[in-house]
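When the chains are written out, they are named A, B, C and D in that same order, and each has its own residue count from 1.
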Amino acid sequence: MVNSEAKGAVPVIIERVKVQNPEEKQVIIGQGNFTIFACDDIFKSLLTATPGIKCAIAMNEAVPRLTRVTGNDERLKELASENCLRIGASHSFFIIMDNAFPINVLGVLKSHPAVVNIYVASANPLDVIVAETELGRAVIGAVDGTSATRIESKEEKQERRELCDTLGYSVE
Amino acid sequence: MVNSEAKGAVPVIIERVKVQNPEEKQVIIGQGNFTIFACDDIFKSLLTATPGIKCAIAMNEAVPRLTRVTGNDERLKELASENCLRIGASHSFFIIMDNAFPINVLGVLKSHPAVVNIYVASANPLDVIVAETELGRAVIGAVDGTSATRIESKEEKQERRELCDTLGYSVE
Amino acid sequence: MVNSEAKGAVPVIIERVKVQNPEEKQVIIGQGNFTIFACDDIFKSLLTATPGIKCAIAMNEAVPRLTRVTGNDERLKELASENCLRIGASHSFFIIMDNAFPINVLGVLKSHPAVVNIYVASANPLDVIVAETELGRAVIGAVDGTSATRIESKEEKQERRELCDTLGYSVE
Amino acid sequence: MVNSEAKGAVPVIIERVKVQNPEEKQVIIGQGNFTIFACDDIFKSLLTATPGIKCAIAMNEAVPRLTRVTGNDERLKELASENCLRIGASHSFFIIMDNAFPINVLGVLKSHPAVVNIYVASANPLDVIVAETELGRAVIGAVDGTSATRIESKEEKQERRELCDTLGYSVE
């Protein structure tokens, strides 16, 4: 999508980056800073958040133009770094993990001193919406699976609560 | 606005969703995950945040394609679920409330383990900016009322401080 | 220990309560409020903090004079409730858990709206120091295992860092 | 002070440990856990909290009975480790710092996953109140300088606000 050049505006191209996540693992995409420090330190925060977590974090840097990656699993490191590179936006990070869910780590991530913002946390198919200028790229949003088409019924509300119980998120 | 297909890019459609909020209630729109758990649990967090709060939270899910809703007021549940469905983006949530202001609940929301991000918190007229791909929809921003046109004067700075005093947010 | 009655002071008795924890599980003792709500809600927060956690929380109430308990494991519920009752102080809680360490859950506990303070988090042998007045009991501290007797040597500092690596809390 | 053995109670000895801080530096004393990890990791958190900070953290461990220490200044490491050893209580930590104030680091400390509690943060003369049982020692409180003797006057309220302005903590 190219804007109208009205008012002398420089074009902004809007693109979709389709996340590659063939095994439907949990993914978290966000914005940080100070990549040389943050890439390792956010990884370490993930380790303290959940015992037994397998995870990788990739994070882009503007100078030099690199995708950095840290993790404790080779496959996850590969998925994190390739997706992060395809997103391309500087200081964006891409986390992928096993043995943990977003609710186990989001608190730690949101309070990490080098995390600016989280865009999405999901195991759904993901499209990352990226804006590109002559300077570089910005994540402007993420499509987190298919859209809702109707409001739940009373029975469906009952079903989700039973599913929560089945998953163990209930009180005896 | 449809993108240019330059570089083989898949079209991204940018749309405006106008929030329906005829009684100018406080609204908070954000991104979360684990809808079947979060819809009820975020509602409960709102209850602990402010005594006497009336509120509803609706949240979209990708599979099944549903808008879930929880609340303690029928009119607010209706407004929350209809606006959330019109936004459509999966894992987005729409909160609407009475007897509470965003400053009373944002801290609790931001630290909730299933909350990813907050897009806007306001009683102003709102436009939600949504990007649509062949996968689904993403919130990419929100227009929170009319735009600023000039910088405040010294007198207006004084007036806002007096208004804060009048509202009770002052020190003797 | 009885104070001197000087200045008409009412006696304060200082007692030790030895925690019963034969299997050296992780224990967290703290102060909260609103027991009828908090006992279940803190338990639920523990569930969101770590996947697969087994835990129980017991919490004392002043009126009626009860130790409440919630958990997902019968043995842990028994240990939590018996230790909490022996501590006796109103609004104190006693958490005991498996498949999780304090670093996985302390953030969630400290930010829970019904948690006032944490006294101790450890799998060491524990003594809880309790002060008793004619009104009731107060936790005033906890002995968290044996005391230090000397400063670590350079070799011992090296050893603890290698142990951290062995435990997985390191960066490749 | 030794307790009365009433009700077969085991003696609890209450002692004062006078903090040695001849240059009146800022000190923070608290309770943590997982010393082999936390001693280095809390130090690193202090480094991220304030640019140019000079600091040391010492932390006691029950098995082996050691005071661990990490820092970026030899004199501060000496003061931290000696004071922490004299307190003796397992899992207690003693931080001493230059070029930073408690308000710059307390948020980071309170949210660190291995921090249980903070007892005191001050550059005042400090007495740490310690309870000792046959198991070990517990910090039960801290005397943070001399006691208040009267309520401030209107003029003194004005003066403190002017002092805040002078220190730069004011709004134009």
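We adopt the following convention: a residue touches a chain if its C-beta (ideal position, glycine included) is under 8 Å from a C-beta of that chain, and two chains touch if they have at least 3 such contacts.
Everything numeric here is computed off the predicted structure, so don't read it as measured data.
Interface residue usage between chain A and chain B, two copies of one sequence, is largely distinct: under half of the residue numbers at the contact are used by both copies. Chain D is reached from chain C by a rotation of 120°, derived from superposing Cα atoms (nearest 5). Inter-chain centre distance (chain A to chain B, centres taken as mean C-alpha positions): 20 Å.
Chain B and chain D, compared by their mean Cα positions, are separated by 41 Å.
Rounded to a whole number, the gap between the C-alpha centres of chain B and chain C is 38 angstrom.
Residue positions of chain A touching 2 or more other chains, listed in rising order: 44, 48-49, 101, 103-104, 107-108, 111, 169. If touching chains are joined by edges, the resulting network of the protein chains shown has some other shape, matching none of path, cycle, star or complete graph.
Residue ranges on chain B touching chain A, taken from their complex, read 1-4, 6-7, 9-12, 14, 31, 33-37, 39-40, 58, 60-69, 81-82, 84-85, 88-91, 110-111, 113-117, 131-133, 135-141. Those residues of chain A lying in contact with chain D across their complex are 37, 41, 44, 48-49, 108, 111, 113-114. Note for the complex: chain A touches chain B at residues 1-3, 13-16, 18, 101-104, 106-107, 110-111, 117-122, 124-127, 129, 140-152, 156-157, 160-161, 163-164, 167, 169.
The part of chain C that touches chain A in the complex is made up of residues 40, 43-44, 47-51, 70-72, 99-101, 103-104, 107-108, 111, 168-169, 171-172.
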